[in-house]
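Both of the next two complexes hold subunit A, though its partner changes from subunit B to subunit C.
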Partner chain A sequence: MTTIAFKSGVDDAVIDELRAIIGDDDRVLPNTSSRVNRTRVPAPFPVHRWADYMPDVAILPKTAEEVSEVVKLANRLRIPVVPRAGGTGLSDGAVARRGGIQIDCKLMNQIHEIDLVDRTVTVGPGINMLKLNEELRKHGVFYPDDPASYPCSLVGGRIGTGGWSLLGARFGHTRDLVVSMQVVLPTGEIVEIGEGGGRKLRKSSTALNLKQLFTGHQGTLGITTEATLELVPRPEVEFAAFFAYEDYMSAYRTLGDLTKSGLATLAGVVLFDEWKIAYLRRDDEAYIPQPDNVRAVIAVAMYGTRAEVEPASKIVMKLGRHNGGRYLGDEISAGDWASRHDRYATPLHGRDKNGQAVMMSWHCEDAALNYSVLPKVREEWHAIVERYREQYGIFDDWGMFAYTSGPHKPWADYLVEIDIGIWESRLNEENWQGWVNCKREIAEVSLKYGGSITACHGATREGDAHLVPQEMGSAWEVVRRIKTALDPNNIMNPGQQSFDEFYEEGA
Partner chain B sequence: MPDDGKLGLDGNGYDPNRDGDLQEQFVEQWRTNAYGCFSSGHKFCREVCPVMQVTRNENHTPTAFHASIVAMEKGLVDVADVADDFVHCTQCGACELRCPNTLFTGDFYRHRTRTVDVVKAMRALMVATGNEREGWKLWNERLAEYHNEPVLGEVPVLQEHVRDWAEGLDIPIGGETILFVDCEAAYYRTSYTRAFAQLLQKAGVEFGLMREQWCCGGPAAEMGYVDLARRHAEHNVADWRAVGAKRIIAPDPHDYIAFTEDYPRYFGDAYDFEIVLGVELIDELVKEGRIQLTKPIERVVTYHDPCRLNKRKGVHKPPRDLLRAIPGLELRDVDHVTQWSYCSGGGAGLPIEKPEITAEISNRRVARAQSLEVDTLVSACPWSERPLTEAGERADEPLEVVDLFELLAESAGIEVGGQTRAPQPEAQA
Partner chain C sequence: MAIFRLGDQAPPPARRVTDTVVMRFDHVYEVDPALMELTGQQELPAWDTLRIVDSRWDHLDWMHAHFADDVLLAGEESETLPADKPPADEMPSEERAGPRPVE
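On to the complex of A and B.
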């Protein structure tokens, strides 16, 4: 009694219905190039099986009503629906796994309201944060959701993936910055989701807190069609400092000292390990023209008023130099913090086993881990990658970093990433399965140490997805009840996070 | 690292005389360049792309252009499938500047992501494989017939009128220094050219006009009509040689691109002309005191960085220096990096095939200018000035669009003359 949505549901009659709903043929795209160009996100991809990832049709809606009508159609005919915003995620949340209708929200990029009194901005899901902040700047406010993909990712995708921000320790991550939203459910109803009460309340105790449920579901519970976001006063001062260490453990202790300092203006503290430093040394333009004895680097960033940040910066300088740290100077500190979105993964730095430069795709495996386990996980992750690198010859270890992850509470939680270069043009099914196994082993280490498979990218990739039930443990049954209640026909982004098993089991 | 993304002789990435499928040759030529983008996948280029900002269609992004080449290699698409996508580009070059590969590691690996050339090459492939666009086809047929761009739509752009703009200026034919006048500036916005020529005369610069000036061929190359573009280049170079020219002054940024990028590709080492960019020359003349800007211009202006100056050639300082040298003028500037994401939409044939997108790009550029509460938008490229002027006139509160040379000439006390728009057909006849 499977109710899994099936792939072959989009025929000419469906396209006609979609055209009738949208009323503009330029926004209903069943042509090949529209499908081919919506299959990929910036993460390694089984290029040899590209067609498996193609939706049957993409649509570009402009209103929640259009989204609602399309979802109702899909639900009636049991056709998969895949929401896509920027398609810049590092997992496969916005990629069709069973064909179907891709709802691409990029045209829903309007700013509906800027409320400088109750401090919110209401936008469509297709707006980019950099573009939003260009508009907000003149009002002396900003929206501080700052992922590595800040110049290109879109608000809708940030909500769908439960995005993580480089400034999260100070300002919170996406889920902390969305005040409320309008969502189209898998059955097509348009609902207002918030804390309770009106759209602009940050805290309520009425009924259930639904907002977090609709943040980070990877497009499996609905499609955000409007979001009311936090407005934050533009910081008066930005401060960044980079420190070098001769060994990882000295930097690790400093990381703990800094994050437990109690400085409220800390926006991020990040520890780069020696593999990452070696990667960045691969060309002479990188931020680290540093001697070989530099084996770890810590970067600190603070934002706030001058009255807060200036005295706090003196404490940071003292803590950073403790444990043998050496300040890398104002130029590197300011310059590399400014290039934080662009710097840390470039395909040209790929190296094969013989050290030959080859263009590689970038995969970053992200886990959520506590401070106490960082050194152990680091050792085990590098060992796994080294083993696969030796065996397959198409992988390359681009190093690790640990980054403060607790929103407003930087002391104990870390986003930990290992960046792996993959020689994607050499992928075949055997290599791809090798890669999936590598990912699975990495994720298993995270779980062994009480971590989560993913802090922000989403557990939607092969290798991760089937570990989701294990990670959720006793709560998996709760997930099943919620998912099957809201999406009885499994039309909303099927094939993700092992949710299909709810349906295969005959829910 | 091997880079097989080198341009072929004609800049189209393949040789029609070689055996084998043209599309395969194209893919072979561009796959490494394409893979540099595909494997990066950052898409940082996307929100700076003027077309993408309007259509919000992922097919129209630079990353999609490169991915299409990888998809071609995998047999998922062919040139017919992607032909319409590749129309959606003004060849402004913003994407190349914003590419992390170019920004951070390009010098070290000698790898610059090339998207403008890819778009040109794909359009050439479209022409070579019978996937032409109707508007461009007609436009280039007229170019082949009249040898000047049909800038006036149905009004013929005849050779006998190519120097009408210079009436009364007493400019000789020939000489060592030739002023090349863009078609748009010769037939449409003649005030632009009259202002420029008179600034040169005021400074005592000696120059002449061509015996028979044809279109530079740049727009034809941008639309994929490689052979036609080359024929025009050959004619112009022959005309320059016939009068003993050594130095070509190109006030129009589009011509400057053709003369410094396309022509050297066509002619190799034999191409030994000095190409002078108009705005840089005028800047020198003002700084040397050979042009005195004495008459105050009481305007509050902002400056539009033309894509082919700012993004393609890195020229953004001389126009600003010139504006700041005009007495009485207040410049409310937007820095040139922010302007990577600005455009008029007037380039690379977009207004011919997709006029509604060009109009919307210009509408948005004018709206940005208006948010600065200025009374004038100054540009330095006649190709941008037509769509921007139209957008300025459409706006709820109209905004005047003026060319930099026109303002400079006024401040230098020159009665410019000419027109800022198309003449009425009867006036031309």
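On to the complex of A and C.
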């Protein structure tokens, strides 16, 4: 039984107070359509229980002061607050599990400053990276945070979820690219978080390193209202090359060769396994015509100056052909790399057990894993999904990939995902619980092999979220002390990552 | 005056590519209609299919230019696929599908 985490009731008096704070009724949205549209994210969702996850009201603040006053109100009345940016996350971090006030930051989308001397750009959390880079291009600089959701996700969500970038091996991930930020704490104070006291410093040894604490907390420790971000020189050239292999282990060995090459312009290396190739062979124009002996694929991408990338590309072409690798050609290499954001723009379909095409939503269960365990995890994950596919008939195995994850050090850590299609229109409570159990089993394998249950999406998914205390082990108590000190009333995105247990009676 | 007649834009007949895939226009793959019994399909006139394909290339070009000034490639053909061959006579081509729109 919990004493503080709750399902909120936002009544007319609260709505009136929100309207007084915001001063614009068009930015306080208790109407049904505004709430329905902000309920789910593009991850599998219990559509049969949609109403359980609706916020009571959505607001669209424009300033940190407005956010602060709303959070103070929520803290006073013990109402949950759920920050939401693009709503493109894959693990429900922006989903209101306890109702309450959803703070949608989309109107805080200004570029406040471009500093070409100290190489930073300061923005509101509601700006999109694609739109930001369109502006930055005029100045010959680039903000290199490149998630699969690049065309539609927002900076605030990237910070809240500790986002992972497709170019992370070269430029780092979101946490490496945020120089400093302004945060509204769960008690409403506005604080500046950076390296020591600096707003544009990349390294300080003063006091504690707070910046990482406020990056990737899934909206449970505060709301970012402004961020100062890294600027890098706009790349002169992009190079992409895709190689095919007759078996997984040949591709796996080549993956190791490429990531240990020491090439500094290496932005990403990804390995698609046999299940992924079989999935692509159904519907993808690049893979349908491929011969049967194409069983695994490695993709490599590099960015930088021509002087660096051009000679490095020769080395990549040589390494890619190790272990029987065959080049897939310029057209597929260029086209498939440029297609890397497609999943957020295309409808998805899978196959039922009879091979019939059915509309499915896409879920990618991710993990952070070391190179040494990739083959074993692959076998166990696919076996789990096959078992649930057979039992429930609404899941489809869309294959796995392993993607370089260590920022600037691509040789040992991988973001590993198994993509699973879910036939949402067939979801009911029994099927949903089957899905939750499937996810839990997948996450348990990650922990068994010394990994983390998420490298990218966040540990907020039903099922694997229950394993967060187990993964954190002796550090779980440290997490408890930090969370309860900063959020004494559990108002900031309650119900996520098993944090509610900190507030249970006797905890 | 140009008159759009949907009947003039009927896609060419499909030819089988694999056990589960058919093709009406070169390099434009479709799921075998026999596997689409549970999922309704939208009928597209030929010009619309080709427009979508063209737009796709525009999108990819835009994405390359967005991230870097220039694209560097190995300059090599595929080592897994045979070089492109002209479609056989019985295979419908984009050109044979007719202009768009029909006058």
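Just so it is clear, the second predicted complex is superposed on the first by the 487 of 507 C-alpha atoms of A that agree within 3 Å, B and C clash if a C-alpha of one lies under 4 Å from a C-alpha of the other, contacts with A are read in each partner's own complex, and residues count from 1 in each chain.
Here is the rule we use: a residue touches a chain if its C-beta (ideal position, glycine included) is under 8 Å from a C-beta of that chain, and two chains touch if they have at least 3 such contacts.
Being a predicted model, the structure only gives us computed values, none of them experimental.
Participant: With both complexes superposed on chain A, which partner does A:359 reach: first (subunit B), second (subunit C), both or neither?
Facilitator: In the superposition, A:359 touches subunit B and subunit C alike.
Participant: With the two complexes superposed on chain A, say which partner A:317 touches: subunit B (first), subunit C (second), both, or neither.
Facilitator: The second partner, subunit C, only.
Participant: Report for A:131: first if it touches subunit B alone, second if subunit C alone, otherwise both or neither.
Facilitator: In the superposed model, A:131 contacts subunit B only, not subunit C.
Participant: For A:475, select first, second, both or neither according to whether it touches subunit B, subunit C, the two together, or no partner.
Facilitator: It touches nothing on subunit B or subunit C.
Participant: In the overlay, answer first, second, both or neither for which of subunit B and subunit C A:86 touches.
Facilitator: first
Participant: On the A-aligned overlay, A:329 touches which partner chain: subunit B = first, subunit C = second, or both, or neither?
Facilitator: A:329 sits against subunit C, while subunit B stays out of touch.
Participant: Given the touch rule stated above, what does A:309 touch, subunit B (first), subunit C (second), both, or neither?
Facilitator: second
Participant: In the overlay, answer first, second, both or neither for which of subunit B and subunit C A:349 touches.
Facilitator: both
Participant: According to the stated criteria, A:264 is in contact with first (subunit B), second (subunit C), both, or neither; which is it?
Facilitator: In the superposed model, A:264 contacts neither subunit B nor subunit C.
Participant: Check subunit A for residues that touch subunit B in one structure and subunit C in the other, and list them.
Facilitator: 130, 283, 285, 339, 341, 349, 357-359
Participant: Any idea which subunit C residues touch subunit A in the complex?
Facilitator: Those residues of subunit C that touch subunit A are 17-18, 20-21, 27-29, 31, 35-39, 59-61, 63-64, 66-81.
Participant: Which of the residues in subunit A end up touching subunit C in this complex?
Facilitator: That would be residues 130, 133-134, 137, 142, 146, 234-241, 244, 281-283, 285, 288-291, 294, 303, 306, 309-310, 313, 317, 326-335, 338-339, 341, 349, 351-352, 355-359 of subunit A.
Participant: Flag every residue of subunit B that touches subunit A in the complex, lowest number first.
Facilitator: Where subunit B meets subunit A, its residues are 1, 32, 35-36, 38-47, 56-59, 61, 64, 67-68, 70-71, 74, 76-77, 81-82, 85, 98, 100-101, 103-105, 107-109, 111.
Participant: What part of subunit A is in contact with subunit B in the complex they form?
Facilitator: 29, 31-34, 36-38, 40-43, 47-48, 50-51, 60, 86-88, 104, 106-107, 109, 126, 128, 130-131, 149, 151-152, 283-286, 339, 341-343, 345-349, 357-362, 424-425
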